[in-house]
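Chain nomenclature is as follows: A, B, C and D, assigned in order of appearance, with residue numbering initiated at 1 for each chain independently.
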Amino acid sequence: MRASSIGYSIKQGIKNIRRNKMFSLASIGTIMACLFLFGVFYFVLANVQYMMKMAETSVGITVFFDEGIGEAKIKDIGTEIKTRKEISSMNYISAEEAWKKFQKEMYKDDKDLTEAFQGDNPLADSASYEIYLNDVSKQDNLVKFIEKIDGVRKVNSSEVTAKGLSSFNILVGYVSATIIIILISVAVFLISTTITMGISVRKDEIAIMKLIGATDFFIRAPFIVEGILIGFLGSLFPLVVLYFIYNKIIAYITVKYKFNVLSNFLTFLDVKDIFATLIPISILMGIGIGFFGSILTVRKHLRV
Amino acid sequence: MRASSIGYSIKQGIKNIRRNKMFSLASIGTIMACLFLFGVFYFVLANVQYMMKMAETSVGITVFFDEGIGEAKIKDIGTEIKTRKEISSMNYISAEEAWKKFQKEMYKDDKDLTEAFQGDNPLADSASYEIYLNDVSKQDNLVKFIEKIDGVRKVNSSEVTAKGLSSFNILVGYVSATIIIILISVAVFLISTTITMGISVRKDEIAIMKLIGATDFFIRAPFIVEGILIGFLGSLFPLVVLYFIYNKIIAYITVKYKFNVLSNFLTFLDVKDIFATLIPISILMGIGIGFFGSILTVRKHLRV
Amino acid sequence: MMNLNGEHDRETELPIIAFDKVSKTYSTGTKAITNLSLKINKGEFVFIVGSSGSGKSTLIKLLLKEIEPSEGNIFVNGKELTRLRRSQIPKHRRGIGVVFQDFRLLKDRNVFENVAFAQRVIQEPIRSIKRKVPSILAEVGLSEKMQVLPKQLSGGEQQRVALARALVNNPVILLADEPTGNLDPKNSWEIMNLLEEVNKKGTTVVIVTHNREIVDAMQKRVITMNKGVLISDETKGGYSYEG
Amino acid sequence: MMNLNGEHDRETELPIIAFDKVSKTYSTGTKAITNLSLKINKGEFVFIVGSSGSGKSTLIKLLLKEIEPSEGNIFVNGKELTRLRRSQIPKHRRGIGVVFQDFRLLKDRNVFENVAFAQRVIQEPIRSIKRKVPSILAEVGLSEKMQVLPKQLSGGEQQRVALARALVNNPVILLADEPTGNLDPKNSWEIMNLLEEVNKKGTTVVIVTHNREIVDAMQKRVITMNKGVLISDETKGGYSYEG
């Protein structure tokens, strides 16, 4: 193919967009809508995933020791436990601290009840290590390992919470996968209907080109350039909108729930982190949809 | 307008759909996609709302009594409390029950610790009423009311949980509203682009009709019939698909999380309840979109 | 009814078509018609001839109010077209049967439906449509093509469908833009005879044509246009213009 | 090269167009062409006449391989059309310039681009396009309309754009379906003179027309069709058919 023909294809592709303004705008609009929805869900899912991860690290194991064990022995046990890779952090909690914490959690500083136990720590011998894990699903293994260490009386793992969280994690995973599959199917479906409508608009034009002796490639090229451009343009707008929306929404939620229990869970990914992935994905999806969309359209016509 | 003209409009509307197969299918497809997404979100939101409601009822108030109070007096207090409308249920828990429950919750049946308190109930005088509410937000009022009752030593409300839940509720409300607004905007946008493309396809036809002397109404009527039909057809398919998906998904989740803590929260709305609302909403939306969509299209043409 | 001077008058005395100093300049800057004044009386049979691009089709489009004049007034049936309200336009057009130069058939409806459409527009009862449409299609020789789509017709057949559609409502005015351009001489003569018959029944007939043979033979009024200007108007004329 | 009997032969001795017992029945059941055999030699100038619907346009569509014959073989430039592979069709069509009865201009491109498109298809360099397109448009009298869209042209102007597009590549064969149907006599003659010139330079010219005046005056080979059947083929003929 001559250079002039390549130049012609690109120029025609750009001109086509202006010539069929309505159709181009509609196509760009459809891609925009799909990628916008995709972006919104990417936000939600990425943040939920992130919050889950944060929440996980606050689920831990408590290790209690044999009665009357010395501080040195406790330290040894600590050193042995620390060799394990699944541990993210580990704290020593003395019997006194344990009792204070218990009072606070259980009775919410109910003074009447606290007084009942005054001077008497019902949780003597309750010194413990609190251990936090990288990954909740590895808890079982770790518990088995620690239980075998000499001097360990009991390993108290919050089984229920751990299992619940990792189940919830799996649930979130399934839901994400399902929503993304639904969204992509809807997007593909919408794009293909957009293209189907394009067929009605362009059928005559392509038929004429063929009768004049244009090769398939010569007819296709400008349409494909057009498709790629439309896809690219369609991907930019939602990115810009999402960028501004994201910061606004985070700011809003953070302020709204500042003094609330929920704020513990509401840790958000930074806009930069999220867009480092979202920008290339969106643009590639836009261009991909435009490219394949236009190829399929023109293919269908060329069979006429 | 004559009867023959009305008959003609309806017949033409039906014929139009068959004549412009591609365009009709594309329009039906777009409406289907939008209503399908709408249906999916309606499912998720309706169920989350429902689960929240279920979860709320398990957040309660505990009422403790003055030391040495008689059973009769406790009953009187109970009767007084029960007059309040915000109460959904109320249980009496004796001191013994309270201690057993405490042991179980706190030590997870850790026998060593339980033995330490043997024969000695540290929670004597802890007989209480556990009260569950209809609506967490009304908790504050109720607490104030109960605290004033004679013989009540203390009202222990799980303030944190209650506030958290009702904040979460509000958050879910905002998220729902946002997602539904986004979805409806996207739907309206997509339909309008579909219609915009329709313009390219039908422009010539309408121009010719006008030149032959057809009135605006005569031109519009078949298009509107067509629009309503397309909207109606577009709303049926997602309903059918969603109906089968819904049962499958609930069955799947229920089995998957049967023996899991999450199952406490996973209470689902019955398919009948959800479809009692979803069917009319979807069909009305489909017909509405088709009706207004076609009116706007034809209006735009008639201005030519 | 108002005549050009705004006085009341009987309809028969009025020209059914009147151009009063009409000019039309298209958005591209092309001056398609320049200062045209012209009267056609009820029941006349008029040929409009002139070279390609001289403004003949523009004249027809103006009469149908498909486009607006840049200057001047056009009267049809006593009504000034620029003064017509939007809602009056359909009624105005229903009185005029038009054969467009490019046919303008509804491409997704078959031949019968294309012709029937004109009848449906004026809310003819279905029984009347089922009688009239086949009879007019027979007159233009298309009895066997009622069920096919326009794109399945030859050029000349499409042209005859357009003519059938223009005639089916017995219009007061018939405008035909090159109605025999795709027809062989025999077919053309048949069509011309049909139009003459229609004219005899009272319809005012205005035909734009390049067919010298027909114009010369029929000895009707001939209006000649050149570059948007009316250059001759002969009562029993021939195809005189040669650039 | 193979001739009709499958023997090797020099190209000049071969008819450039040959129909061998060709029939075409459309999907509607219409028999548009019945058992047609016909040879046209390189450099000939041929008129095809016949009443409306007699299969003339069908013949042109068959030559362009826009539609397939139901029976028989068609040879163009020594190639049997049904045997052409999909990838060979563009090359086949590039050798043929066609004026379609309904023009088939690209409606979203201006006049210049419509004509230039034919040049772009054969990958002419841009410089050559910029020289040739205006010159051919001048020949058909449309120098001033290069920048306007087809719908902003009169019927005759559109027809001349279609002709310019068919001629711009100096095709081996020119097929023109009713190329003067929307032109006045003077313009028609100018176009005919242009086509005769092109023919003198070696192009085989096949013209479908209803213009009796021109056919009678030019005294070229005239092929007459009726209801899909070739009913006469005269070397120096006139428009004889009258149904």
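Rule of thumb we're sticking to: a residue touches a chain if its C-beta (ideal position, glycine included) is under 8 Å from a C-beta of that chain, and two chains touch if they have at least 3 such contacts.
A quick map from chain label to UniProt name: A, B = Cell division protein FtsX; C, D = Cell division ATP-binding protein FtsE.
Computed from a predicted model, the values in this text were never measured in an experiment.
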Intersection of the contact lists for chain A and chain C: B, D
Max Cα-centre separation from chain D goes to chain B
Chain B to chain C: how many Å between their CA centres? 63
Rounded to the nearest Å, the gap between Cα centres of chain C and chain D is 31
Taking each chain's centre as the mean of its CA atoms, chain A sits from chain B at a distance in Å of 24
Please work out the Cα centroid separation of chain B and chain D, and write it as a whole number of Å. 68
Among the residues of chain A, which are close enough to touch at least two other chains? 20
Touch graph of the chains shown: is it line, ring, star, complete or other? ring
Sort out which chains touch which and give me every pair. A-B, A-D, B-C, C-D
Contacting residues of chain C [partner chain D, same complex]: 26, 28, 30, 49-53, 56-57, 101-102, 148, 152-157, 159-160, 177-178, 181-188, 210, 212-213, 239, 241-243
In the complex, chain A residues that touch chain B: 20, 22-23, 25-27, 29-30, 33, 36-37, 40, 102, 106, 108, 110, 112-113, 116-117, 122-123, 153-154, 156, 160-161, 163-164, 167-168, 171, 179, 182-183, 186, 189-190, 193-194, 196-201, 253, 257, 260-262
List of chain D residues in touch with chain A within their complex: 64, 66, 89-94, 96, 98, 100, 104-109, 117-118, 120-123, 125-126, 165
Under the definition above, what is the set of chain B residues touching chain C in their complex? 1-2, 4-5, 8, 19-20, 204-205, 208-216, 218
